[in-house]
Each structure stands twice: as C-alpha cells, then as structure tokens.
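By written order: A, B, C, D, E and F. Residues from 1 in each chain.
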C-alpha cells in the first residue's frame, strides 16, 4: 500500500502545481533550460522512497529528510542514483521547506502519532502557491498547519500554501489498491481455508494474532479498549482457554 | 514546447485513470505484483519521446508506433532502455489499442493534417473507461472519434472511452511553458536588437523569414491566404524591393 | 549455481527461437521497429531473477509470475528497472502463456516437488514453435507436458511447442559451473582442514550438518531413506554418541 | 540489419563457448566471484555497437578497437556506460586478442574489402578453444585465418581456435530479419506505387539510384561490370535518355 | 582534449575542497545523510559536459548554465539522467554562484574571448573557502577575478575564494593527453604520408587548410597577423599559385 | 565513515596518478580511444564498495578481490552494473596486481589484523609509478611493503611503486567526516539524555555496551587489557553490581 501512497502523492502534487486548480502553473519535473521543481520529502520509509522514486523519474530535484541515518541509507541504496539526503537538522530543513515547490509529509510514527516537525512559522514563509501533501495526516501530520480534508474537498489554503490532507490517499486509485490488498490477503485466507479454520491459524501464527481485534465476541485490542473505554480481554488467554 | 506537451499528456492520463474523474481507478505505473498500466503512444517525435520517457519512468508498459523506422530508431536511441517499438502495422496496432489503458495520439503531420490512423470501430472496441489523449487534435487528431475540447470541459465520453482533446495542453503548466518560450525567443529578440532591427534580421536569416506572416502590411503566408482568400505577397520579393 | 542456470536458460531459449533447430526464426530480444520477443518466467527466486535480468538485458519483454508477493518484491528491488510482475492469477497467467514466445519454468518447491501450474490444455493453446524451458524439471516441472530430457536429445515437441527439459542445465557451461562450486566449497574444505577434521565441523556447524547424507556408514537423510526403503539414523544422535 | 547481426554474433559466441559444441564450457557473461568472459570487438560501426551492447548486458568484459577515434566516440556516446575503447594500436591489439575468450571481427570496408588486421601468428597464440566470429567475412574478413563457412558446417578449427565465418549470419533469425527488411523496403515500395512507378522514383531520388544494379536490361553497377567483365552503362545517362 | 579538461577540473576541485590545501574539508560528492557538494558549471560544451558527468558520478549536485538552450539540450541528452540546466538568467545565476561550493568556468568564446559572466561583486559574496576553477582562462576567463596562474603556483585566494586558473589544465595528466592527441594526429599524418605529402593534402582538404598558420614561409593566419602586425597572405591563393 | 574512506581513496589515487606528484601522468578514468586506468580493489566490504563505485563512475576498469563469495555477491548486488569480481586466487590476483595502475587495500580483519595478501615479490613486479593506497594500514595493511605514513609525508616509494599508507584517510575531508560522525552519535546522545543518563542506556542496550572501554574507573575492554597488561573487569558484572 505504501508504494501506492508514495507514488500517488507525487501525481497529486503535479495536479496542484499545474494551472488546473489555480496552482503555480509549473510542470512537476521541468524541461531543459528551466530550473526543475524542488520537492522536499519528510520521511525515508516506503512512502518516502516511492515518492522520491516517482519525483526523480519525473525530473524533479528531491531532498529527503529523516531523523534516522539508517532509514536514509536504506532509501539511498534502494533508489540507486545518488540524491540529497539529510538527517533532520532544523536550519537545513527550514531553508529547504521555504525554498521548495512541494513538500511531502511522510514520517510514520512508531507510537501512533507523527512528530510535527514543520512549524506554522516555517509554513508561513513558504513560497506562494506551493503545495503541501501531508500523507501522515492520519497520524496527526508532519506540518503544524495540517487539518484533515476529504476527497470531496481535498485541499485548503493557509498562508497561500495549498494543503492536501486527505487521509486515505490510496482510494484515488481504488482498483490498483484493491489488487494490492488482494495480493496480501489471499494467501492468508487460503491458509485459513487449508489449515482447519481461523481458530487453528490464530493458534499457530503470531502474525495473524496481532491483526485480531475481536475474537469470540470479545474485544482484544488494548488501544481501542482504552480509547473507547470498552473492557478488553487478552487474546492469548482466550485462545488457550478455547483450545 | 513538445517536451512539455509530451510529459504533461501522461500526467493528464494519470488523472483520468484515477477515481477522481470517475476513471478506472488505476494508478498509472503500478506496483509490484500488479500488472502495470499499458500505454500506447502514436508518434515517435519529440512529443512521443517525452510521453514515453515519462510513462516508462512511472513504471508503465509502453508501446510506441510510428510510420517511420528512422524516427523510432532515434527515439529508441535517445531513451536508452529498450522498449516496444513498431512501425504502423494495422493488425498489431489494433490489438495494442484494444487492450491498452491509455492511448496517446502524437503524430505530427508534415503537410498540416495528422493522419487519422485509429478508426471509430477500433475505438469502439477499447476497454471501458480507458483514456485517449489526442495531442495532435490541433491538426485534426489521430483518432476518428476525436473532437476539440477546452480547458473548461476537457473531456467527453464516446463508446465509454474518455477522450481528452484540448488543443493547447501546455497551457496547463503556463509558467513552465512561458519559461520555455522565453528561452527560445530571447536570443532572437536580442539578435534583432543588436543587428539593426527586424528588417536586417529578416534580410539575413532564412529561419526568421519562415516565421513571418505579415510584413509591411502585406500577408506573406501562402497557406493562410488560400484558406481565407486574402491576397498574399511573396516575402522574398518584398524584402528585396524594400532593401 | 542458480545464477548460472537462470542466465543459461535464456541463452538456450535464444538458440531454439532461432532457425538453427527449426525454431521460429526470431531473435531473442528484437530490434527497433519490430515488436520484441515476449518471455514469461514462472518463479521469482534466484533462477527466475537471473533469467529475467538476462532477458531484459537482451531487450525482450518479460513477465514474471510467482505465488509470493514478497519474492516478487525482492526480485523487483534487485533488478532495478520496473518490470511486469504478478502473483499467480489463473486467467492472467493463461493469457500470458498463450501469447508468449518463450516460457521459463523456475518455481522451486519447498517440499521437494514443483507445483504444476500450467495445464496441458494451456500448453496446447500456445503459439506454434514457441519454446518451453522447464528448469524445475528435476523437481517434477511446472508444466503438465514436461518430461525429462538429456543433453544428447535435449528437446521434444508436443502440440508444436518445443520443450527443453534437461535437468542439469548448468553442465552446458561446465567450467563456469565448476568455478562457482569451487568458490562455495573451498572455504568449507579449508574450514574442515583448519578446525580438526570433518567430525569437529559437523559437530559445530548446523549448516554443514544439513548437507550430510551418510555419516559413519549410516544413511542420515530421511527423504532418501523413505523413497528407497533403507533404514536411516538420526545424524544428531550419531554425532553425540560418537563425540 | 546490422543491429541483428551484432546482437546475434554474441549469441552465437555464447553457444560455441558452452560445452554443446565441445567449447570451453564457459558461460558468456559470468557470475559473481568468477572472472567474466573477455570479448574483443574489432569495429565500432553499428554491428560492433550492438555486439558490444549485447555482450555488456550479459556481463562480459568488452574491448572495442577501431581505426577511427570518431566512430569510437559515437559508439561510446550511444552505449552510455563507459567501456574500454582504443584505436588500433598493434601491441595493445595483439595482447587483447591473445588473452580474450571471444573475438568478433566487424570492420566494414569503405572500398569493398575489410582490412585484415589480425595476423595468422596472432591467431596461433590465442587461448585454446577460444572463439572467432568473423562477421565481415563477406568482405574478406578481419582475421588472416578466416575462410567462408555456411549454416550447415558453420565452424572450423585452426590453431585450436573455433572459427565461425558464416557470411549471412542474420539468416539464423530469418523472421526477425524479414521484419527488419520489410520496415525499410515498405516505405520505398509505397513511394514507388504512389509516385508514378519506378521510372519516376529513380529519376527523382538519388538514394534509390544508388541501389539500381540493372536498368532497362543494362548493367549499371561499375564494380560488378569490372569483376565479371560485362559491359556496363552509366545509369544517369540511361535515365536522361529514356525520360 | 576537452573530455580530459572537463573531467580533470572536477578532480582538481576535489583536491582543493579537501583539507590538504587548507580547503573546506569537504568530500566532493558526499555521503548519505550529509547534504552533497553543490557545483555550478558555466558552459554546456564538451568541457562542461564532462565536468558535469564526473561531478554527477561522484554524487555532487550540479547546476549547468549556458547562454544557448540548444547546447543545454545536447548536454542533457548526452548525459542521460536529468539535471538542473538553465539559460544564463542573472538573478538565478548569482544565487547559484553565491550558495555553491565549487564553480567551474567553461564557456568557450566563438570570437576568441570568453564572456566574463560572473562579476567581482558576485565572487565577493561566495562562501569562504569555496573553489573557482576557471578552465576558460586561456580566453580571458568567465570570472572577473580570474588571473592566469601556473602549475607551480596553481591557486590564489581573493575574497577568501580559492581561484585555480592554470591555462593548460590537461598537462596535469600529460600521458593521457598525449595519447588523446596522438589518436587525433596519427590519421592526419598517415594521410599526409600516403597521399603525396603536405602539399597535396592541403590542396585537397579544407579541414587541414584551416589549421595551417605558416605556409611556404608566409604567415597565413589573419588574426595573428593583425595582433602582431605581420603581413599575412591568403592561403588559398598561395596554394593555387604553387600548384 | 567507510563510505568516505572508500570514495576518498580513489580521489587520492587520482592525484598520485597525475603529474602533480611525479606520477604516471594518467587521468584516472580515461577517455574514448585511450585504454582506461585499471584499478584492483582488495576487499568487498563498505570501503571496497565505495572505492569501486567511485572508480567505476570515473570510468576506470575495476577488479574486486575478496576471500568471501558472499561479500562479493552483496557488493555486486549493491553496485548494480556487473563488474569483475573474484575470490582470492593467488595466480589471478598476482596477474591483476602486476598489470594494474592502482591497487587499493581494503580488507578488514575480523580479529584485528588485516591478512597480508600481496607479497613483497608481487609488489616488486608492479609497473613503475603505479600507486598503492593501503586503507587497511591501521590493522597492519594488505601489502607486505606497507608502512604507516602521515598527512605531512603521505607517500613513499618502494620498487618504484608509490605507497600511500596514511591510517586516518578520512581526515582529509574533516568537515564531511564530522557531519557523518555527528549523524551517528547525535541519536545516541539524545537517547542518553532522554532515557535517564548513561547508566540506564548502558544497562538497556547491548550495542552501547560493546562500545564502552572504561566504566566507573575500570577498564572493561579485554583486548586492550591484554595488550597493555592492565587489569580489566567484565562490564556486565560491573553494571549489575552498580544497578
């Protein structure tokens, strides 16, 4: 899924840079003799990697920032051609954000909430009509000015910067996304069918166990239980007791 | 300009393949494990070359058709990676068109009118919701079903195929297009300024002479004269007589 | 070894596509203006990866199928340029097989027998003179029509499809294969020499233990024991008892 | 056609390097940890370029020699990755030939006869079982030891070096070659049909005129006339007199 | 020769960026997680192209400026990967120069003197310890602050910017340069030897005629004649009269 | 750090190949028509990989030797383009060393001392003015003739071979090296700050524990203790007892 989200985010940026939605009138990429579009990508995970790949292949200049040198190294290795990568240094980052045409927010939080690493002040200094695509909006977003939007009204303007903050960006290409999910789920479902039902598979495979939210009528996910104040049972104990 | 038109046509195709405008819901390009989008490009000139480059770089499968083996060879050489190229063989072409997701028409006419190489019957056999971008619409178009549209209503559907036939596709990215034109015109204008005015430059340079439509109040372009029935004078004679 | 087998399988396909052995008279790869050869590769392991690399580098169009999305992703990542990859979907697969020029079977079985994923019916619909190279024939083969052949009579025809089913394809390039094996065995033998003989190495290294078929006069491989009905001892117990 | 000949010559070399025809048992290309095959290509024209492209893409180490620095530069530019290129310096060339596994002769003569640039002595110092593919044999060959062979007995051995000297190497892939020729001849034939017959086209186009050997019953090619002692008329005069 | 000069200029820049000569202590190129070195190249001719190729391959970020959009397009096409190219726009250029680490001057003059396109003021705003390599110094230089230096004292500092202005940069790699010149001159000398002496060759070949400065004791180069006030004869007339 | 060392070693080699320090006068890389520089790299770790990448990108011909086939495979996979790789076979290695222009020693020892794999005899047969860069000199060096040098007198000549044996090669580009170290240490220091001081981090993270040489006044590194005969305590016990 992250492959889709990363690549699609750049295609969305291309639309909002063009004139169609009152954008800058720039072609994402650029042609010989005209300085290329500058794109800053926050996050060097799979989303960031595929956003970077797509942007580079269209001819844009890309700068990738991530707190982790190891993620940057993996991204650099996977992409092949050498690009601008940097750990998150506030001064460098601010300079990059305020001179770019497009900024993509794609830092995944380990504990459920994206770190907000670009302040409202920095956004207010961005060039007019530049574009922010905050892919990590479903975890709170990387930009202080981000607010959830939807596919009907996908963007709003703040400080004359176009914000695109639709949480489920992959549903723009619903069919491709469906194929992608099918490829992941089919082997699991076949596995359940061939190995004696869900009960056995949950018993045998820890990976499947992590994905169970309700089992035998009992909520088993602790985070949801805490948020909505519903009593929650431990899945491992449930399985053992039913086996 | 053709670089811009070629690259932009693929970005437009990406929009109309997605769900946003009731398209197929496909991501142009595609991801691992999902068969990639198929794009047929008619024409191996600069527009076709940049459309092919952009489509390949996004991960789509590209087939390029052109009547001329020499243009195909130049395109193949410029692009570097080997792709599917074929001279226009009716059977191969029809099979390619009826199984593709996107068809780009980009054959420039030498004598002012694009050859209509895809019949209405072929279009009627295309897959539902597939996309036609007819870039050569300003010369009549490569598809029998093409009809001029504009940036306000850019598409129409026929045989359930989305047709995008805006003649001036480059105006979607007006600023980039302006830069590109500036790069070409500035040296000519500087030349005129430094070499004693338009008169001298027209006198000295055959290239500039070809671009003159009206000179000293007289129409000098034969084609326009014929079409609109206006008397037309020969530029060379005019220049000589005024010099 | 799998590198050699993968690359060699494509060179063999090139021979049988040419006229030399009454093949189609096609050049594997193809040239500008002529549609390239289509090659379907079943299996995204090392053999499949090197077959794909070689075919792509020669200019052929490649489609890789594998049951596992994760193997496809690794192959896609290693190869670099984006290619057609798909999980095994029967309809897509059948269409790909019946329109291709060459099909390579390279699915390794986890439990000793390759899954036969292409039926006799599908093979009977393949184009005349197309070529099947079933690399996994030593585990039973991926095609229902495959039957073991040898280097003296390497091919047979069925439904006018050329079948190449030599189990030990690497012996075509015996010298290269020898170097490759030497590179793998030499460090193991040196290790045995430097660390006090085979006994000690078998005792210390689980990896070496897996490769022992006979130890101290006793058969220790369970599968062979079952197939040929020979009594078989457990290696671990043997080692402990002799130590 | 030269594209086909160049690429095919490397595939032929791969066959004769393998064990199938009692060759060295080497895989053209090679795998990690095993020194790659060394291929020397004489000639940096189209044949040499496509031989080099194919050999590189298979992983071989390639050295290209040509008398002209300009042809080498064009080849280097077209291929993209930097390779070993050298003008023909006798000492360097001899060292390269005597240490390589495969030597391809592909120097086109400007005046009808290939320069024989590798002496019999040098061939006699080549490694046993190495392979010579003399593509320019139809113009006399680049190697002193070359003698015309045919598709039935394509090779002979001299000084334990395998010589493949079939003049019409492209007929190994007859169908691909036919497509290629069709792509070149069809537009000419269409041109003749649309522009009032052969007479008019010969009259108008110097390019077609060069390809005419017999016109109105008279031999018009001077070289053939001299070689076979047949009276020969000047085509230009014939055309003018018949027009 | 321009290939050598372009590539060598980047290697020289690498030395003066390092600590060895009290430079910035930067590695030309850069590594993952550290922003790469920025290099501005003035001129998109062969020198500029090879400087750009070398800098890109080392991992630096490159911006190429040239007055001509056509030269930029050729460079872009030859290099393959898309880079920042721009026609010479004063504002963009000044910004690029004042933020870069290395600036290479490589604009060839058509009429014998390089246009000085970077003013002393701009140089004075460059970052401390940045490096200027003015390859076009033999034609006057692209930077207002450039002054000829030599291989013994190759650099001077002005405004704390290191200036390397050795006219004959290729003599740093004298042996490679000699080979390169040999490759160009040998065929000409052979030609003279085989075609009846210099007299005949000068008579037959316009290209050689352009390179003749003195003929039969008479100066024949107009520019040198004017600069040093020596009477000069027209070569064409001399040849005709002696023939 | 190894990325820096690998890339820098090639730039140093380029300097000593040029005329500046009385070298061969060769350009590392080379140009069309001139055989490229040959570089032998011993070691396929990170240093070797980045040396190989840099050398290839400059256009040199590279041969990489390493005792381990697995390291060679990883290097081959990371680099992308196929290069000459070989396990350490004495005959092949000696031939490669005695014909190359530059030899880089970059084999890391697992137990603290690099294996000396090139004998004094082999060095004495190297071509005059060839260059040895022994990066592994801090562990004793890969060449029998290597002796530690420093940045003031970085090279010495033996058997007319230039030896560059500065242990801390990265300090040539001190600023880049500092950034690189900062990127690695900052997260560790932040971690210490946020997680209750060094004590807690040492307690929790085995990785940090490995890097501790002195703890609470006691030496905790066994190797140093043995070499300098200082009593040494076990860190794990120290931590447990203080916790």
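The definition used in the following text is that a residue touches a chain if its C-beta (ideal position, glycine included) is under 8 Å from a C-beta of that chain, and two chains touch if they have at least 3 such contacts.
All figures in this text were calculated on a predicted structure; none of them were measured in a lab.
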Common contacts of chain D and chain E, by label, are B, F
How big is the rotation relating chain A to chain C when the fit is done on Cα atoms? Please round to the nearest 5 degrees.
120
Quick check: more C-beta contact pairs in B-E or D-F?
D-F
What's the farthest chain from chain E if centres are computed as the mean of the Cα atoms?
C
Indicate whether more than half of the residue numbers at the chain C-chain D interface occur in both copies; give same if so and different if not.
same
Between chain B and chain D, tell me the centre distance in angstrom, where each centre is the average of that chain's C-alpha atoms.
38
Please work out the Cα centroid separation of chain B and chain F, and write it as a whole number of Å.
54
Multi-chain contacts in chain F: which residues touch at least two other chains?
29, 32-34, 59, 69, 80, 87, 183
Chains touch one another in the pairs A-B, A-C, A-E, A-F, B-C, B-D, B-E, C-D, C-F, D-E, D-F, E-F
Mind listing the chain E positions that touch chain A in their complex?
29, 32-36, 59, 61, 69, 72-73, 76, 81-82, 84-87, 92
What residues on chain A touch chain B, complex-wise?
3-4, 7-8, 11, 14-15, 17-20, 24-34, 54, 57-59, 151, 171-180, 183
Please output the residues of chain F touching chain A within their complex, sorted ascending.
78, 80, 183-184, 186-187
Which residues of chain E touch chain B in their complex?
67-69, 77, 80, 87
